[in-house]
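Just dropping this structure here.
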């Protein structure tokens, strides 16, 4: 699905194996149609009576592009697709789709689904105990290497549930971050979904943290929404990341279910990014849509800020080329990464990779046709975005 | 003006009669050039000396597409267009343009022009007593059915002018909403223009409402900008809508003259939408531009949220295809509606329908050419957006 | 690089000399590669180890389009480009690039670089004493007329450093604005970068200004970030502008290094613009990206608001056509201006003009091909945007 007249070197660069620097484990069990529909929609509710979540860009793309990998015709009806999926069984479906994505390494956020950005809706809470592939399994199914990303809010919850006193909580957060970061390639925060990105960028005082921790420990099962504790957690993570040379990923933009969308605009991280610049910890902005232009701007002005549009590509599907084009308006090419944002079902991984290649291919094709770029630059930059930049930032 | 190579079924679906689920009555009288210019601009002021409101996307589109319906050449000069309009007379012009839109049913916001979203500018206040076609007349001129939408802020003003005491005001708002909703197909709020969409989503307490109503009754001729009373009115409307199974339309984005534009971003309705989800009242986001991506996102995650770009299409005119493309990035196809947003002159209705068909046709054509969608899906979805979804939501 | 099938009159209109209504002086001295890289990036920091600021849209465009003017092949490597630049010497390079832009008049913001929108980052402070071409020199090098724009925050700093008392400060601001405006064609404010555009639109009271001035005079070397003094300065500038019939330019959107990006959204000037409408002082929104749609909206509803996307074109480079297309969605054609936003190196001037012509040419070409516009309108409007509107607004 690449433009037909791309030079061979550019085509090869686009088709080369990708580093998927941010994904989640997918469901290991067979899925009913109702379950599958919930997993291809971002909201956690069934479609209204008489409608289906297949009638959305991602749903049409599943029928178009994933169906052939399950030996079905393109545009196959939803019922046929779901039933063929069951017939083949989840392991075989996952293998075909993950391997089909052409990924050489998965970096996997291993937090349980109940800690997903959408973890505050009742519908999502019911998914809390479901079974997702581990990082190792994601790699094995996809014929790829696999590494772990540590979700810092998951660590916090484990600590909050165990700490008898605020001072234990503080020690616990630091110790657990250090311990778990030791076997990870990066840290990740979902503060955008839990609070918003308009938090006070300064490190909170110890006194404020103790006071907030005391409140927190009274009911540690609640999702963490306290701004002071979220900032404390984030700054503690920054300390660990600096020490170990790890990047910190920020979920930004759509795909969570917390505050109003404008509060997840990554542009609101400007002052925080400036404050972090001396530390040299890479900040990686995930998803970003519909604020990907703002994210690209931050990546352009801050040497330690990186950007990708992740989950926006499988979700915008047939319209994803424009999203990539808008990202390319301002982002430096050494700051762009690929991720599928894969979530719930392996279809999102396959489609993430497919639309990434298609959209970047279209962007490069039009620049070559207009004489704006040379083929050598196009091939070089496709390699950088597809894997080179991730290898450098994550030290793979 | 559809792509030449569209399959016949898709072409037929695009050309099928539309349900225009949100429009206003148009002027019934002949218009001078100065009056016509004011009505094709969104701001309420004459163009600066030496310039003309015809030199804007909508103005060029009027000369291009409406001129032939008045027996003129495309691209006819403004003076010729306005003089031919007078020659034919407003009734004939309205008939040609409204019938030319190919609409099978108009849902008409029947508030007087002085209650338009732009009702706070002095220029607009001067239009307060002008004569607009009623819903019935809109239907008759356009050869279509017609139903009414109730502007809740108009009801409030009528009640405020008549209520001696705050308690009468409270009773009156509830009673009048109930009475007028009985013969309407939907309710509509312009809270975005009067206050902004960043209101506190919670229902205000009775005490707060009484206090605010007392202030209000001291000067009921003023436009309603009190946040507490606006919320009270909105929640009262939600109660009535729930009882009668009616949707509630929200004016969002450009096209009003109240608060700064970012405060009309429909993304700011996220918490309110979540709060309303159990009630099941459909929320319909109108216009949305330039925040249509945010609106499409809300429509994707909330089962009761719907979206259309209304007035954005005639106003962006030759550039409207990209607006529709951006809307299609994330919005479920069963959540998209067509409206012309028709306002002031029938040209906006005709152009709204024309650019809707043209833009959706281009979007479908490119998906078919890329093999992304099947023709059967394209035709089915065109029917859904053009009329099917509206018939379902408004129970037409 | 214009579409091949444009009618001759439209082509001529696009290639006609431009009025560049907003640019800065460029460096007069030879630049090392490190210096050159800093000047083609917006952030003021070197690219991370192993990367280069040439790997960004603007950097690729320099190699593609500026190289031939220095007798090099398109797509020449960065090292070759920088070394050829040194070989020719800065005066010759500046002459070729500025003359190559095809500009008939430069309006030049003559504030020293340390007063640039980015003046708060340490990296930029180090450029404080560098040598930039004056307005006269810009004109001479570019074979064009040249006029001055007065940066009001520079005047304030000069006054603050000299005023013994708050009352002298107040008098000084008014007197200096009047004196310097006497030989300028416009005023310019960078309040977006110093504070944000979400300032209180009302004129501050004299008492508040005196109090703030007393604080200011204690440390006048600091950049001005006090909201009250910035508003006082702005309203004082408005007074002078009204008296002398001068427009006031606002830096908006990307390109500064002050508050978070969303606070530079020109849409936030809505209430201020409404307040200024009776005064009739033209407000000109510069750059605007990624909020150019919001800026176009303001230009549509306020008779005294103008817009251009300046620096966004050289920075988005190969992707600039979409930015211009989005600007054309709503902006009246008599409200659009051209500027290169030229900054630091003459390449930005040359590329600003090149991409402006290319992007507008593409937009006009597609409207002509679709039959949306007539060739006569296209040519007329190209003349208006390229120079006519600027001549009218600045009374050139």
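First chain written, first letter: the chains are A, B and C, and each begins at residue 1.
As a convention for this text, a residue touches a chain if its C-beta (ideal position, glycine included) is under 8 Å from a C-beta of that chain, and two chains touch if they have at least 3 such contacts.
The chain lineup, named per UniProt: A, B, C = Putative TIM-barrel fold metal-dependent hydrolase.
Predicted, not measured: the structure shown is a model, and the values here were computed from it.
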- Message: Do chain A and chain B, two copies of one chain sequence, contact each other through the same residue numbers, with over half in common, or through different ones?
- Response: different
- Message: chain A and chain C share one sequence, so how far apart are they rotationally when you fit their Cα atoms? Give it in degrees, rounded to a multiple of 5.
- Response: 120
- Item | Mean-CA-position distance for chain B and chain A (Å) | 36
- Note on the structure: For chain B, residue numbers touching 2 or more other chains are 262
- Message: Which residues of chain A touch chain C once you look at their complex with the stated criterion?
- Response: 262, 265, 267-271, 274, 277, 293-294, 297-298, 300-304, 325-326, 328-334, 367, 370-374, 376-377, 381, 384, 392
- Item | For the chain B and chain C complex, residues of the former touching the latter | 1, 41-48, 50-53, 55-57, 60-61, 64, 74-75, 254, 257, 259-262, 289-290, 315-320, 322-323
